[in-house]
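Please find the structures below.
There are two complexes below, and they share chain A, which is joined by chain B in the first and by chain C in the second.
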Partner chain A sequence: MTAAAPEPKENMGQPVSRYDAVVKVTGRATYASDMPLDNPAYAFLVTSAIAKGRIDRFGLDDARGVRGVIEIVTYENAPKLKDSKLFSDGGYAGTTIQPLKSAEISHDGEIIAVVVAESYEAAREAANRVKVSYTATAPSATFDSPGTTAAAAKGQNAQFKEDAKVGDFAKAFDAAEVKLTAAYDTPTQHHNPMELFTTSCAWMGDNLVIYEGSQYVYGLKNGVAEQLGIDADKVRVVNPYVGGGFGSRGSMTPRTAIIAAIARRLNRPIKLVPTRDQGFTITTYRAETRHEIKLGASRDGKLVALRHEGAEISSRADAYCVGGTKTTTRLYACANVDSLVSIVRADRNTPGFMRSPPEVPYLFALESAMDELAVKLNIDPVELRRINDTTNEPIGGKPYTSRALMACFDEAAKAFGWAQRSPQPRSMSDGDWLIGHGCAATCYPTQMAPSAARVRLQRDGRTRVEIAGHEIGTGAYTVIAQTAAERLGVPLEKVAVFMGDSDLPPAPVAGGSNSTASTCSAVMMVCDQIRQRLFKAVMPGQSLTDRAKETVGLGQTPATQAAKSDRPLDLEKAFDALGVGVVEEYGEWKPEGAPLDSFRAMHSGHPRLVGGHQMKDQIAYAFGAEFVEVRVNRFTHEIRCPRLVGAFAAGRIVNPRTARSQLMGGLIWGMSSALLEATEIDERNARYVNDNLADYLLPVNADVSGVEVIMLSEQDDRINPAGVKGLGELANVGTNAAICNAIHHATGQRIRKLPVRLENIEV
Partner chain B sequence: MSNTSGSKQSAFDRRAFMAGAAGSALVPLTARAAAAEARAAAPQDPALPVDVTLHVNGKEKRLSIDARTTVLDALRDHLKLTGSKKGCDHGQCGACTVLIGDRRVVSCLTLALAAEGQEITTIEGLATDDHLHPMQQAFIDNDAFQCGYCTPGQIMSAIACVKEGHAGSEADIREYMSGNICRCAAYPNIVAAVKQAAPEIMKG
Partner chain C sequence: MRPFSYQRATDPTAAVQALGAAAAANTPLTKATAQPLAGGTTLIDLMKLDVMRPAGIVDINPLAQGWSAIELKGDGLRLGALAKMADVAAHAEIERHYPVIANSLKLAASAQLRNMATLGGNVMQRTRCSYFRDVTYENCNKRNPGSGCAAMDGVNRMHAVLGVSDQCIATYPGDFAQALIALDAMVEITGRSGTRNMPFAELHKAPGSTPDIETTLQPGELISAFSVSGRWPRSVYLKARDRQSYEFALSSAAVALDAQDGTVREARIALGGVATVPWRAREAEALLKGQKFDDGLAQRVADAAFAEARGRRHNSFKIALGKRVVARALQQAVTMEI
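And then the complex of A and B:
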């Protein structure tokens, strides 16, 4: 076993290499903009140079003079599109700001014209020649900008249902022996997946094919159909491979329906490849947040009062928020809890989910505050977590289905060598470098959504799995193939998986870390339907349900138990008995507690995610602990992070190889969220300044060394049939706090605002 | 296509352009000059197609394209070689990396006309007869990718990194592979892959 393919522990599958490995290393994996089109025209976007105001007029003569220009579409001649509601209000869209609808401008970088030409080069040149006269008014950029408006999230965002509270916070905080009040800030960040936000649209008669990197092909299909006013069955979204998502491709952006409508008007396929900088404003982003944490504790470290207030930026049009207090108020035992989330509206594009949307900013605040409290109490930060560990969340008193938080802390502490740490700040150094060790907890809700699948088995064992899931780099093809192979008892090499196509049976959005849990549960169920048919043929006299249960497990049985009791099925014999060449089954699976309309919603592109704290009698989270070493140069203040160690427990690990890679990438994301990433805003113009990959700092290879991922064995039979908690968004939570805690340990300086750059260090 | 326009007033005179671009020196000036001599001056309007012959993965490809077409767009949009990826179009991410001769080059910042007469190797040109290139196999063995979008560029860059003699230590590999961004952050696995493949590639 190599480092990349760790030895599986109990309740882990085999670390087989990726199903899509060969196509990805040979350049044959076809992403959306790689799809061949018949005689395409090329589109190039023109985006607004002001954030607020209106367009007075376009000067298009120069642009029209460029050889090869076919059409320039502005609000004055744009195809009419229907509005789509925000996804959180039951729609599909990531923003309700619909460009090309009027002369009004709602944010900087809004799409104001689409130039279509015979070549990419001509479209780009003509777009650069479009002249626009505006009447601009002063925009409100962010917190503290004049003209912003703030209000509680509750009541304006349908998905934010409650400000969690329990007990009497004010009284308990007042009486607490030790008190901490601290404010924390997190910056604007952009997903920046490597694949640009491309869209190709081709009509065949009344039928539309869209090639676009999407984390939710059913949402996009239904959303575009709604905007175009056509039957959703006439729209097909295809993307067998997606060049990274991180949340940016989860909801529909305005570009797709516009391009589709122009392609229909011109009766020609259109390929749009927006620029990297346009990607900063034509999709969503992680909004900047502000927090105030109040912790009250007894001298022996028991939390008696906790209050978390968070504020988030959103657009004028939409009340998007992540509302991470749902997690931070439930992580530790505390009898008196209060919280409040508010939304501050500015002249910005609408933000959206970005990898671990609520937890990254909100746990930065809580896990920094926990470290500050530990210092105040002179208690080891790991021990402070142990003192406040709990089996039941404090708000509703519901039990965690499983909770390995302290086991993760202990494993990671051991691997890191935490015991060798000298607790005093500024007490460790190496030449010019001050050394700091810090840690933090991570957690992420276990979520599931209804999913369908179709499985076809042939007598020679060849298996075909069809599911409109998404390969965004998570290993979705691989874990689905492994699940089908295991469940049907066929060799892995015989399983073919088809995904990324809205003509396949619906799968949920690849977001909220629900994909493996949902799609594998559906595939297991459908494989069981096939097995039942085969068993029925081979053993007609037996009680089918009992027999099937005994041999393979039915319905809600977790995969491991099934594997243990599994017995190879003689396929040839079964097929002979059935008298058919192929057995094919389709099935629809939904998690416990899913609403009544789940399956209808699934087909119309609305994922009904359940889980986390919203389960009826229990609460389900994955947990982890992260330890980091930072080195701060005492003269230059350069900050390096040579070691990141994380231990995680996330239920069944279907493939330790793909899981480790995702957790490793997550740890690096976490480091990046603390030390590198921030979208800088020109507050005068409400404009993103560093909107390119040189100025928006992302980690490169030289920024990363010494990353260690530890996966704990965990079995949880109370979450879903696959026993999977999901780990795509687990490892990049808490890292930002761990790094600031380590910087405090190195320098004695507490940093409460991200990102931390060398100019912020005052050694 | 049309080779008739030879206006001295052209804002985009081909000879002047070639001479001016020589400073970026991706290829020997002589080869470039020879290619330029082989053709009469380009048309005045850059949108009018010009003829260009590219040598890609050992094959000669004749194209008639907009003079502003980059190697990347020529590969992707005109030769249907979509393995090389567009991640920024600014030379900032490395997803479009190809080899021109033995050099790694960001193909988004290289005009197709400037690559004429040079041997271009793309990700599609590495595997032969079902045998993966050692670097491709190493990327699989070490799970050196997730979404896979940066992977063609990483692999091309990694091969050059080894041949340049910059794969002697992990620190060297990290430094010399830092022109290729991987947003999934598979970096430690990429380093392991380069380490694994290096001896075999150096052996030739």
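And then the complex of A and C:
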């Protein structure tokens, strides 16, 4: 075993290498825009240079003169498309702003024309030659810009149901022995996955095939069908590999239906490859947020009052919000809690999911405030968390299905060497560098959604698993193959997995870190159906109840228990008895508490995610603790983070290798978010300025020197049959606060606004 | 990107002919219809962005044979304009005798870019001003003379505080040029009437009222080499930036000293990331001459270097930062073991 392939602990699978490792490192993995098309035309987008106003006129002569141009589509001649509702209102779209519909412009970089040509180069050149005259109106860019409107999230956003409260916050805060009030800000961020936001659309008669990196092929298929007014069964979305998603590919963007409609009109496949900067405005992003936290505590550190107020930017058209108070009001024991989330509308494109959407901004605020409180109380920050640890969330009193927060703190603290830290700010240094150590809690709701799967087993053990899941780089192929191999008792090499195709049985959106829990639970169930058939063949007289469970480990028992009691099934004997060459089963699995319409919704591209705080009698979260070392240069004030240590408990770890990579990536993204990432907005015109990978700062190798991931063994039989808590979005949640807390320790300066840049340091 | 013709220059004469023949009178170099192509890491980038639209490209890479030598002779240094940044950065003799040059290159861009990019292209690289690089902004005096400056009251964190005009505040982004200007380097220029040498300090032009004119080079002229006289082992390049690699300077200082036992005989200071052109801080240097070095002196020198600085909304921090960088670079140079 190596660092990359950690020794499995109790309730962990084997750290096998990735199913798709070889095709990826040899460059043979085909991403959506690698798919060959028959005689394609190429599209290039023209996007608006103003954020608000209208188009007066297009000057297209120059562009039309470029050799190879086939057509220039603007609102004046665009194919008509049906509107699509926002996903949170029962639709598929990440925005209801439908470009090419009228001369009106509602955000910077809105698609205003599509140039189609015989080559990419001709399309791009012609797009550069399109002239547009606008009448611009002054837009409202962000918080504090004139013209924005603010209102409570509740009532505007169907998915934001309640502002959590309990007890009497005002009274308790008033009476608290120690009080803290602090405001925190987080910036605009863009996902910037490596794979650009391409789409290719090809018609064969009435059938449409879409090649597009998507985190939800069923959502995209149904959404595009709805916009085109055709039967969803005539649309197929294919993407065996996705070059990163981070939430940006979870809901449908307007580009796809437009390209599909133009392809239909021209009767030719069309390939669209937008540029990096266009990606900043034609999809979603993480909007900037503001927070005010009030904490009241007794002198011995017990929280007596907690209030979290958050404000988030959204577009004029859509009331998107993340509402992370659902988590921050439930993390610690506290009898008097209050919260309020509001949405501030500006002239922007609609924001959307990005890497732990609610938890990243909201926990930054809470976990920074907890550190401030610890300093005020003169209590070690780890101990302050211990004092307020709880088995039940305070709002509804429901028990956590399992909660290893303090065990994570203790493991990570030990590995980090927290005990050697001198608690006084500015007390540690090394040459030109002030050193700071900080920590924070991290958590992420455990979510599951209905999923189907088809499994086919042959006499020689060869197995084929079909499921419209998504390989966005997480290791989905690998853990699904492992699950099938383990459940059927066949060698891993004999399992083939097919994903990323909406012609396969539906799987949920690869979002909310639900994929492993959902898809592996479905695959386990269908494997069990196969075992049942085989069992009946070998032991026709036996009742399927007790004897079956004992012999082949049937039913939705957690993987480990099943594995322990299983005896290998004699496949050849079973197939001979059955007298067939192949056993194939299809099944649909849904988590406990999933709504009645779950399966219907699953097929029509609506994931019915359940879990987190929305479960009936319990609440399910994965937990972790993160410790970081920052160094702040006395002279240049440069801030570097040479060491990140995280300990995490997330139920069954199907594969410690891929899980570690996810958690490591999360810690790095967290550091990136704390110190580097921010989309700058020109407030005068509500336009994004640093819309490229040179200016939108992400960490490079030299910024990442030490990352240590510790996975705790945890068994939770109350969440789902696979026993899995999602961990993809677990690690990047706590890092923002941990780093700011460490900066405070290094410099004595408390920074409440992200990202922290050298000009914010005043040592 | 727009279609362009491509020509490989077989020898220097052909190159300058091809470049000069295409040029209309009075066009600024950057708008000339033919542009030389070296590593392409600036030029191709700007063509893709539609910022530069040359009708023709003259690929000068075939001249590398004669124009890429790294030569330490006598007590001087000569660097061919087509030498790769990576090769010069890793050259042991340069690391030893000219650490300021080696480090200005090592700390620039990324390994991939340094492998492609040439010294000539590097000094000629253009500003990273976001508004300059985005053609949907009409108002950029550098791109569209007389159209205004979007950066002046826009997002200007990366912009300059020295050498600015009311027409343009774009930062000269390169690192290597700071080492050259600090060391009083000469630049060798090959044109249609042969080669000439001039001080590197005369190559770049502050924006003034003509920010579209960035250098004194004329169409049909190429940089063929750089030279430095003397050895400068007591020299440092200190660069402050947002991340540890692959990032332009927020503030940098190239410092070269002739000093013994803490007394400075001669000092050279250049500033990067803060000025519109490679920036020599001559008044500041003068304060050091013949003086015993201490932290108070370093502070006064740093203050003098930024005496004329003018900050704007997002970049005022560069003044205080720049002073600390200069003071620290001086301390490092004085205490350097050589």
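Here is the rule we use: the second predicted complex is superposed on the first by the 762 of 763 C-alpha atoms of A that agree within 3 Å, B and C clash if a C-alpha of one lies under 4 Å from a C-alpha of the other, contacts with A are read in each partner's own complex, and residues count from 1 in each chain.
As a convention for this text, a contact is a pair of C-beta atoms (placed from the backbone, for glycine too) under 8 Å apart; a residue touches a chain by one contact, two chains touch by 3 or more.
Quick caveat: nothing in here was measured; it's all calculated off a predicted structure.
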Query = Just chain B (first), just chain C (second), both, or neither: which does A:Ala702 touch?
reply = both
Message = Is A:Gly68 touching anything from chain B or chain C once the two structures are fitted on A? First, second, both or neither.
response = first
Task = With the two complexes superposed on chain A, say which partner A:Ser119 touches: chain B (first), chain C (second), both, or neither.
result = first
Key: Larger contact residue set on chain A - chain B or chain C   = B
Key: Touched partner set for A:Thr474, first chain B, second chain C, both or neither   = first
Ask   = First (chain B), second (chain C), both or neither: which does A:Asn128 touch?
value = second
Task = Could you tell me if A:Ala694 is touching chain B, chain C, both of them or neither one (first, second, both, neither)?
result = both
Request  = May I ask you to decide whether A:Phe635 touches chain B, chain C, both, or neither, giving the answer as first, second, both or neither?
outcome  = second
Message = So in the superposed three-chain picture, is A:Ser33 touching just chain B, just chain C, both, or none of them (first/second/both/neither)?
response = first
Query = Once the two structures are fitted together, what part of chain A is touched by chain B and by chain C alike?
reply = 121, 125, 694, 699-703
Ask   = Residues of chain B touching chain A in their complex?
value = 45-48, 66, 68-69, 73, 76-77, 80-90, 92-93, 95, 122-124, 126-127, 132, 136-137, 139-152, 155, 170, 173-175, 177-192
Message = Per the contact definition, I'd like the list of chain A residues that touch chain C in the complex.
response = 49, 121, 124-125, 128, 277, 432, 633, 635-638, 640, 676, 680-682, 684, 689-690, 694-695, 697, 699-703, 757-759
Query = Where on chain A does chain B make contact in their complex?
reply = 2-5, 17-18, 20-22, 24-31, 33-34, 36, 66-68, 119-122, 125, 192-196, 241-246, 273, 275-276, 471-475, 657-658, 660-662, 664-665, 668-669, 672, 692-694, 698-705, 707
Key: chain C - residues contacting chain A, complex   = 1-3, 50, 110, 128, 130, 134-137, 150, 153-155, 157, 238, 240-247, 250-251, 317, 321, 324-325, 327-328
